Each structure stands twice: as structure tokens, then as C-alpha cells.
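Handing you a structure now.
Each chain gets a letter, A, B, C and D, in the order it is written, and its residues are counted from 1.
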Amino acid sequence: MNRFLIFFAAFLMFFGLSFQSRVAAGVIKIGAINPLTGKLAKHGIEIDEGIQIAIDEFNEQNGNSGMVVELERRDDHSAPDVAMNQAEQLILKEKVVALIGGYVDSLVGPVSVVAKRNRVPYVASASLQSRLTQGKNPYFFRVSCMNGVTQPVIEFLLKWKNLRKVAILHASTPGASEFARTVEKKLKVSGVDVVVEEKARAGQPDFSPFLLKCKARGAEFIISAVFFADHLVLVRQMREMEIPVKGYIGPWGVAYESFIKEMKNMAEGLYGLTAWLPGFAYPGTEEESRRFVELYKKKFGRIPTSTSMHGYVSARVVLEAVRKAFEQGGVFSGPDLANFIRKTKLLTPMGSVEFDEKGDPRWYKQMVVQIRRGKIVPVHHEHSDAEN
Amino acid sequence: MFLLIWEFEIMGKGDPVLYVRKLSVCYGRRPVIFEVTFSVTMGQIVALVGPNGAGKTSILKAICGLIRPVEGEIIFLGRHVEKLGVYDIVRLGIVYVPEGTSIFPHMSVEENLEVGAYLHRENLSGRLDYVYSVFPELKDKRLVNASALSGGEQRMVTIGRGLMANSRLLLLDDPFLGLSPKATDRFCEAFHILREDGITLLVAGQHVRRLLSAADWAFLIENGHITLTGAGKDLLKNEHLQQVLFGKVSLILPGLGFVD
Amino acid sequence: MEQFVQLFIQSFSLGSFYTLLALGFALVFSVTHILNLAHGELIILAGYVAYVLEQKLSMGLWETLPIAIAISVVSLMVVVSFVLHQRRLSELHSLIITFGIALILQNCYLGTFSANYRIIFHKSRYFSLLGGHVFISSVQLYLITLSLGAIGGLYILFRKTFIGKALRATIQDRFAAQMAGIPIPRMQLLGMVLGGIAIGIAGPLYARVSYLHPAAGIEPTIEAIILTLFAGMGRIRILLAGGWLLGVAETTTAYFLGSQWREFVSAMVLVVILIFREARGRENSV
Amino acid sequence: MKQEVAKATLGVVLIIGLSLLFMWKFQGREDVISVIAMAFLFASVAFAWNIHALSGVVSLGHAAFFGLGAYGSALFAYYFKVGSWIILLVGGTIALGCAVVWHLFFEQLRGGAYTLATFAAAEIVRVVVDNWDSLTMGSSGLTNIVVLFSGTSEFYLVTMVLVIIAFLIHWAALKTCWGLQLRTVREDELAAYAIGVNPPRVRMVSLFVSAFITGLCGAIFVHRVTYLEPSMVFNLHISAMPLVFSFLGGRFTTMGPLIGAFLLYSVDQILLSPFLPSTHQAVYGFAIVITVSFMPNGICAWLARIPQNASG
């Protein structure tokens, strides 16, 4: 029994001691929650790094005005309960004024509930599902949305000459399912046959039955709304089995330097979607884009991806609101910050950012790119004429 | 002085192949064998009889290294073996054949036997022939899966496997368990053949009459002590033994006086 | 028609892939009774080793295999001996402790190899069959021949050599094997070496068929557990049959019903076979 | 027996006392309260899992119960527009229904075969839920699920009551007559028959109780998280977690699963994550390895100094 009592006392002391939060005066804290370990770690880390760059940049620019922003980073293990716990901890213990980050809807959704409960604004970096913003949550914003992904894909496909039959494969996640459903509906309306429509669990080792079916039913185009890793397997098998399709488009996971690096010439000719590229920024933001790439390269030793840019932009939105709050007296209450965010008008390398009443971005739109000779080249986008 | 006489008394005639002195064994903290001393003479069949739970199996397991004794010496052909592991003891020539069946079910009879020769692989076919000569039944079934054999045959395989290991002392734990009288006769016969070939057998078991009539020398074990020693047939006539094992003679129950 | 032949080839190469993934796990489990949850992580390690060799020294599959095998054998031995030296050891204990080891390993990979997905890029050669309508790639051929070779090699070892028979005896009844003078630690060592070789073969192929990622180990581990428990202790040939069965079941389901029903049918097949086997086992034992 | 009842009462008093102490100490720190509440929830799952495991079989499919509980109550609330606590019971009942099917099919299985079958069964349930779009919304998931608990403190108190109930049933599964029956079944089924215990029935009852509690936990979980998709609840992590918690806490001690869940979950969430955002998983792994190495019977058994070779 002695052992038990000692343990018990130590336990209570441990808990008692460890809860002194340390907020230095004049420091504004912002919390970021991303999957830093586990299956989604690649993209989580990319977002996290983009956010870090935004914070560094902000502190450098505003250092002399006495405004210092500190970033608190947390891992959500890709588990919703953990994401909630960490969000709550950031708000209540670390006293952060806003939350950013998040990859995949199942992790963003729960965090947005916590944000609402504690009246702290949350700007999600990568979240698509439409239903997520319909719960009338005035504290939830996101810099991406479903429309910005489906529209360019549909426009691109409809411009394609004589496209009759397409095949759709999507991951069994909410975002990918909604994407597939929307695209399918629109294509059918426009007279394009969807000959194969399938869903696959992420992390499957074999896609050959799907590919054989595409071949048998004469699909001309494959729309594959799966994740980065699944593209690696799927594309490789498609090339090996010489499936006769005219094109392959992956809304996420294809337009990445690392994808080309791994797939080498197998990636040739694939289409992807991206909101931003290191050498291809929204008109008027070339300077900012260049600076971002440089800072990123200096800090992390590699070229940033579009996902990092999402992180960067979401952080920029919050930082802009923080700046406004600072200028107006330095009170960082949640409702005020949320108001500032709602009125955001920001030009970023990803395009201009404004939010509608639901918290969705008004102008978010990705562009279709193609991999040509190992380079990612835009093929269909709104502002291409301005660029060339 | 007394001890010396006693020790002399419990030893059989001839050269001892195994000498156990003051052996004590515990399970956890519970002692089960108390300072047992005995010896086994070369080329004999020695029986270890006693009621259930008297400690027969514990003694056998201690000799073959499966249980480490708390105290005492075990000397096999002049070598102390009480601190050796099972593997080394098998290598020296002591093989324990456990109670029930202990075969490799998904291997053929011949493979079962071969595996027994793991430590002495020379002259494999010669020794296989020897086992088949002792147990000719096995020869016909040498390619059959061991799990398809009858209980008696499985036990033959187990003993045969012990013979393959070049054993000089076989420790058999209840070899007649569950066998028909006919099969038991068959095993007794085999034991005598083995004895003729110079293999010593230490047999523990419940089938007291059969064992004692087959054995050259025997011990009675009660509650972890050796209480009787003598030639097998003499022991069979002993009144104390009959009282303990068959309950023929009147019992003394504490508090009740004499009861028939 | 060609479609189905092609489907068949795909099923068998997938099944062979599963078997290769499971082989190391099954060997270790049979001989040492350790459920090694860090199995997938060791396969990933072998994959990363092959990846680094391929990137830095541009080595091919056959050149990387010996090195991957050597590293797998050593790392498997470290893990398994650590578990074997626990004060108390049951299958559940080993399950939990290797789960902890797997977490540690995943984090090490995250630090060493970053969270990027990696594959070994291979220029496959193709072999056309049936008048050019059916293809088989070199990787598929490697998968099928290596799994057949590994199973065949193990079969010969188990049936024809003395040490293999001793190993089989150890798997079937450890106590009886001890009585027959077989040194159990040495047999466990042998089991680890064989398991390590299997993992070393599976790793570089895994990097060619699937992809490497610090957290990717869970998939091969699950596949290995399924096949091993399905086949039972030490039944190496059933492992191959089970792998093929799963491969065929998954591929045909995905073709005829759609990829979303893939796990459903393989899980169904497993459950049905388990129940039937149990029922038959009861009948036999009565 | 009287002594055991006294111990159980002490345990309940201890849980309530400590919970209230925490609530008082961490007033305004809802994050801590909510982590502890989650730990209570997962401790209840661990208790439930162990109640079943005490009958001698290891299940790796409790995610099926957890997920069905979550889906059952969320969908019931959605279709019938019910927002009262009854829906929690609906979740538990649906999990119980799944357990009935399990019992019918897996009754004969033991050991590795049972573990594998339960794992596969959970996979079957996942795929069905994932593909039954018209009923469950499939992989699109459910959003904006009814919030049953008005605040964190309410959630905390609900999980506290839940964990006390689970604790008491778990205690009964170890110490009462039912516990003895379970023990005979797990150690020797034939012997159990011989002394008049009916192993299939004992095993069935333990499975049903376990499934119901797990389903209840899933329902409570989903009404806290308010978001649901198949891979969130039907995953190996949910199935394996109770195993790890009860094992590390001590499988044959009345408090074991609770202590395991409490230490592993809350310490990881409250203490490790803030300081080591990207390496806390490795520390977690080390903690598991070290605990199993030095306390092979679990923390609780080590604390109570139960000798290390007593497994029963």
C-alpha cells in the first residue's frame, strides 16, 4: 500500500505543478494544430512549415512596433479527439487568440466546434467539405473550399475535345467523396458518360482491377481524387499496364515536385490542380511569392508546395486581423478578431482572400497544371493571360 | 554413522549409474521433495512408486534438469549434473519421457525418431534399425503422421525418440497410463529388451503391481520422502506399501481411532 | 478473355506479395511465439535501405537484396531478443511491447527519412503473353518467383535437412523438442535469421510495389497477422495458398463489385473459412 | 467478499472524490477537464473490453461496437430529430445487436482464430457502413451532430458516471460469483462444465455487457466530437487502444484499465504534446516498453505488490 500512496502523491504533485501557463507580456499567441505524425504527416508538416514562415515574416516586419507573435504548434495524431483536446488546451492554457492549420475535414470539423464553444476564431488551412461551413459557426473560416476544386476540373474536362467517357476514382474521405459526386453530376449533365465510379480506401496496394475496368469500358480520362501515396501506386500501375487513356487528372497530390521526383518520367503528361506554384503567383503578388519561397528554402532547405502556401495564407489572414486589432487598441477578444477576419481583403500569392457569411473563401480557385518534361506547367486558369 | 548405514541400505547392488543425495525441490515456495537420497544401478529397471502427488514426477524432472533443485546433488556417471541445463543433460545421456504423449504431431514417425538424434547424428540408420527392432510396430508405420497413431504407438515413438538420443538412462513418467493390459505387457517386454542392451530405466508410475513385478529395484515415495526401498517383488509384499497404495489394511484416521 | 488472364496475373502477383510480407512474421511467430507488431516497420526499414542504396549508389534489386537482408536480420534479432529477454512473456506481452517498439521506430524514420512518400523507381521490362494482349512486368515476375522460391526453399529446408526438421519439431512442440535435446535458443536464432531474410526480401519489393512512409508499416503488419493466424503455426505452404486466395478474392471483388467492396469480401472469406475450419476441427476431434 | 465490497466502495468514493477535486482545481481550465473526461470515456471502453477479455478471448474488433454505437445514436438523432439522452441507449442497443450476431457466428472460435475473426468482423461493419450511402451517408460522413452536453463539465460528469458503472461491472467480473465463473471459463472450459458453469452462456453475457458499454461510449463520444465518418471510429486504433490501456494498467486488477487510460491518455495529452509536438509518440512508445518490461502485470498490480508470477 505504501507504494501506492507514494505514487499517488507524486501523481498529484505532478499534475499540480505542471499547469502554470507562461504568457509573457506583450506577446500574442497563435495556435496551430496539424497532423505532424502518422499517415497524414507529409501534408501536415508542409502546412505547419508554411505557417511558421508567415509568423517569422510578420515578426520581422513588425518587430519594432512592439507586436510579437508566438506560434504554439501541436500534433493531432490524425485523431479527432486529440485535435479537440489540443485545440482546447491551446485556447485555455496557452491563451492563444486564434487557431490555424488542419488537414482533412474530419480533423478540421471537431476543432471548429471547439473554436465556437470558446469563441476563438479558427482559420482552417485545408478543408473542403461544403457541409462543414453550414453549421452557422461565426468563428470558423477556411482558405479553401470545394467549389474552387471542382469548377476548374469540370471546365477543363468540358473544353477537352470529344470527351465521351470518363472514370472516377475517389478516396473514401468526405472531401473526396463530395468532389467525386459533384464532378460526376456536372459531367453527366453535360453529356459525358461516367463509365466507372469507384471508391477506394487510402493505402491500397493494388489498383489493377479498377484500371482493367477502365480499359474494358473504354474510359478516355481518369479523374482520380485520391491522395498523394495512392497516386504513386495508381499511376505506376497505369503506366505498366499501358491503359489507353488520353489523360489522368488528380485534384490533389499530383502537382508536387516530390511527386515528379519519385515518379520520374512516369509522371509525364499527368494533370493536376494547384492553387499556387513557386514560379507562378497571382498577378501582383510575385514579390511576396518570391520572398516566401526564399524564406522557406532558407529555413527548411526545400522548395515550398501549394499545401505550404495554404498554411501560409491562413496564417496571413489571422495575422492581418491581429494587426488590425493591435492598431485599434490591442484588445484581442475572439468576437472582435472574428469580425476583422470576416472583413479580410487580402491579396495573397494564392489569389485574393475574402470570406462569405459562412466563412468560405469567395474567390478561391485552383488551376489545372500539367507535368511536362519534369516541370509543372499551368494549362488552364483564370489569370494565365496576365502572366504570359 | 547412522547415515552411512542408511545410505548403504538404500543402494542396490552393482555400480550406480545415478546417485541422488539429499535432493530437495520446491514449487515456488512450497517444498515437495525433502532431502531424498537414492541411487540407481547400471542396467536395471528401477521403479518409483507412490500415491498421487507424492513427488515422483518432481524427482524425474529434477534429474533431467527441468526443475532446478533447491538443494542436493545429482551425480550421473561421476559427474555433477544438478546445475546443468536440459540440453546438456540430454547430451550426457539422460532422457526424460514425459507423461502422456509428447510427439510432434505433424511429422512422420521416422522424422519424429530422427529428430531425437539431434545431438548424436552419427550412425543414424543403425540406431533407427535398433528402435525398429525394439518396436517393430513402428516400422510399418514409419511414414505415417505421428498424430494418426494410437496412444500406445505414440508412446513407443516417444520412447524410441529417447533411444535415438543415445541415452543410457531413460526416465519414464507413467508409461502405462491409459494402456490396455496387453499393451502394458508389450511395454514390459520392451523394457526387458532394453535392459539386456545395457540401458538403465527409472520408471515412475501408478500401475504399482505391474511395475514392481517388472522392476529389479524399487522405491516407495510418500509426501516427498522415500519410505521404503527394496527389490521390486519384495516391496510388493510389503504391508506398509499395500496399506498406502491399495488401502487393504485398516487405516488410522486421526481422531477416529481404528477404522476398517 | 485477355482481361481475365490479366486479372489472374494481377491476383497472383498480389497474393505472392502478401505472402512475402507475411513470411517473416509467420516464421518468428511460429518459433518464438512473439507477435511482432514492429514487423511492418522492419519491412519499411529494409525498403528505406534499398531506397538509399538505389539513390546514392544506383544499385539494382539484386545488388541491394544482400545488404537489405543483412540489415533486416540484425534488426530483427535486436527486436526479438529484446522481447525474448523480458521477465514475463506471453503472446499478449509481446504484442504490446512490440507495439511500443513500432511507435519508436516510426518516429526514428520520421526524423531520418522525413515524412515524404518514397518509392523505388524501376524501369519494368514487360513480357507479353497470348499474342501481345496480356502483360506481365518484371516486378510481378520477381514477386511470384521470389515468393515461390522462398516457400520452396523453406519447404526443402523443413522436410529434407536435419536442422529444418529440428526447427519443425520446435514449432510443433517446444517441450518435446527440448526433451529430444534440441537447443531451443539456437532454433529461435535460426527462426530469427530466416525471418530476417524474408523481411529483407520483402522490403525492397515493398518499395517497388507500394510506397515507403514512416507510418506505412501498419499495412504490411496487418496483412502479415491475417495470413499467419489464418494459416496457423508453421504451416508455410498454407501461407502461400492463403496469400493467393486473398489476392484472388480482393482482385475479383474489386473488378466485379468495385474497389469499395474489396475489404468486405476478403474479410468475409476469412470469417467463413475460420468458422468452417473450426467446425471441421471439432468433428475431427470427436 | 465483504472486504471486496468495501474495496469497491472505496474505489467509487476515490473516483468521485478525485474527479470533484480535479473539477475544483481546474476551474476555468476546461481543456484539462475535457482531457480527463476523454480519459474516463476510453477507460470505460477499456473496462468493457476487459470484461469480455476476462472470459478468455482477445477481441480486436471492439471498434465495431464503438462505431455502431456512434453511428446508431447519431443517425437516430438525425432521422427522428430526437435530442434527448435516450439516443445514447439506442447506440448501446445497436452495438448489442451486433454482439448477438457475433455470438451466433463466433461462439466456436478461440484464441488466434477468434481474434482474427473479430478483426475481420469489424472490417465488414466498416465497409457496410461506408457503402450504405442512403442510410449512413457513407464516406461523406455526418456533420453538425446534435450536441448532448451543454458544457464540458456536464460531459465530464456524464463520463464520470459512465466510468463508475463500468468500474462496478468490471469489479463484478473479477470479484463476484460471476467473476469466478469467468475465471473458470478462461482457465479451463471443460473444468467449468464439470462444476456446473455454462461457458457459452458466461462468455455470451460478458460479450453482451461489453458490447453495450462500448456502444454507449461510442455514442457519448460522437455527441461530443459532433463529426463522424467511418474511418474515424472503425479503425484498428480504437480496437487496440483498450487492449493497451488494460494491459498496462493491469488486466486482473479492478482499477487497472482506468489507471492505464488515465496515465497514458492524459499524460500524453496534457504533458507530452505541448513540449514535444513531433516526438511525443516516441516517448509514448518508450513508456509502453518500459512499463511492460518492469511491471509485466501492469501498473496497478505493481502498486499493490501483487506477486509477479500470479496471473490468475
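Criterion: a residue touches a chain if its C-beta (ideal position, glycine included) is under 8 Å from a C-beta of that chain, and two chains touch if they have at least 3 such contacts.
What you see is a predicted model, and the numbers here were worked out from it, not measured in a lab.
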Chain located farthest away, centre of subunit C as origin (C-alpha): B
CA centroid of subunit C to CA centroid of subunit D, Å: 31
Cα-centroid distance, subunit B relative to subunit D, in whole angstrom: 51
Intercentroid distance (Cα basis), subunit C paired with subunit A, Å: 35
Centre-of-Cα separation between subunit C and subunit B, whole angstrom: 44
Touching two or more other chains - residue numbers and ranges from subunit C: 106-107, 110, 260, 263
Multi-partner residues of subunit B (at least 2 other chains): none
Residue numbers of subunit A (touch at least two other chains): 37, 172, 199, 201
All pairs of touching chains, each written as two labels joined by a dash: A-C, A-D, B-C, C-D
Parts of subunit C lying in touch with subunit B, wherever the complex brings them together: 162, 165-166, 168-169, 172-173, 175-183, 234
For the subunit C and subunit D complex, residues of the former touching the latter: 86-88, 92-93, 95-97, 99-104, 106-108, 110-111, 218, 222, 225-226, 229-230, 260-261, 263-264, 267-268, 270-271, 274-275, 277-279, 282
Subunit D to subunit A touching residues, read off their complex: 25-26, 28-32, 34-35, 38, 130-131, 138-141, 143-144, 147, 221, 224-227, 229-232, 237, 269-271, 273-274, 277-278, 280-281, 302-305
Subunit B residues within the subunit C interface of the complex: 64, 86-87, 90-91, 95-98, 102-107, 111-112, 114-116, 118-119, 121, 158, 161-162, 164-165
Partner subunit A, residues of subunit C touching it in the complex: 3, 6-7, 10, 14, 17, 106-107, 110, 115-119, 121, 124, 126, 135, 137, 139, 209-211, 213-216, 219, 250-255, 258-260, 262-263
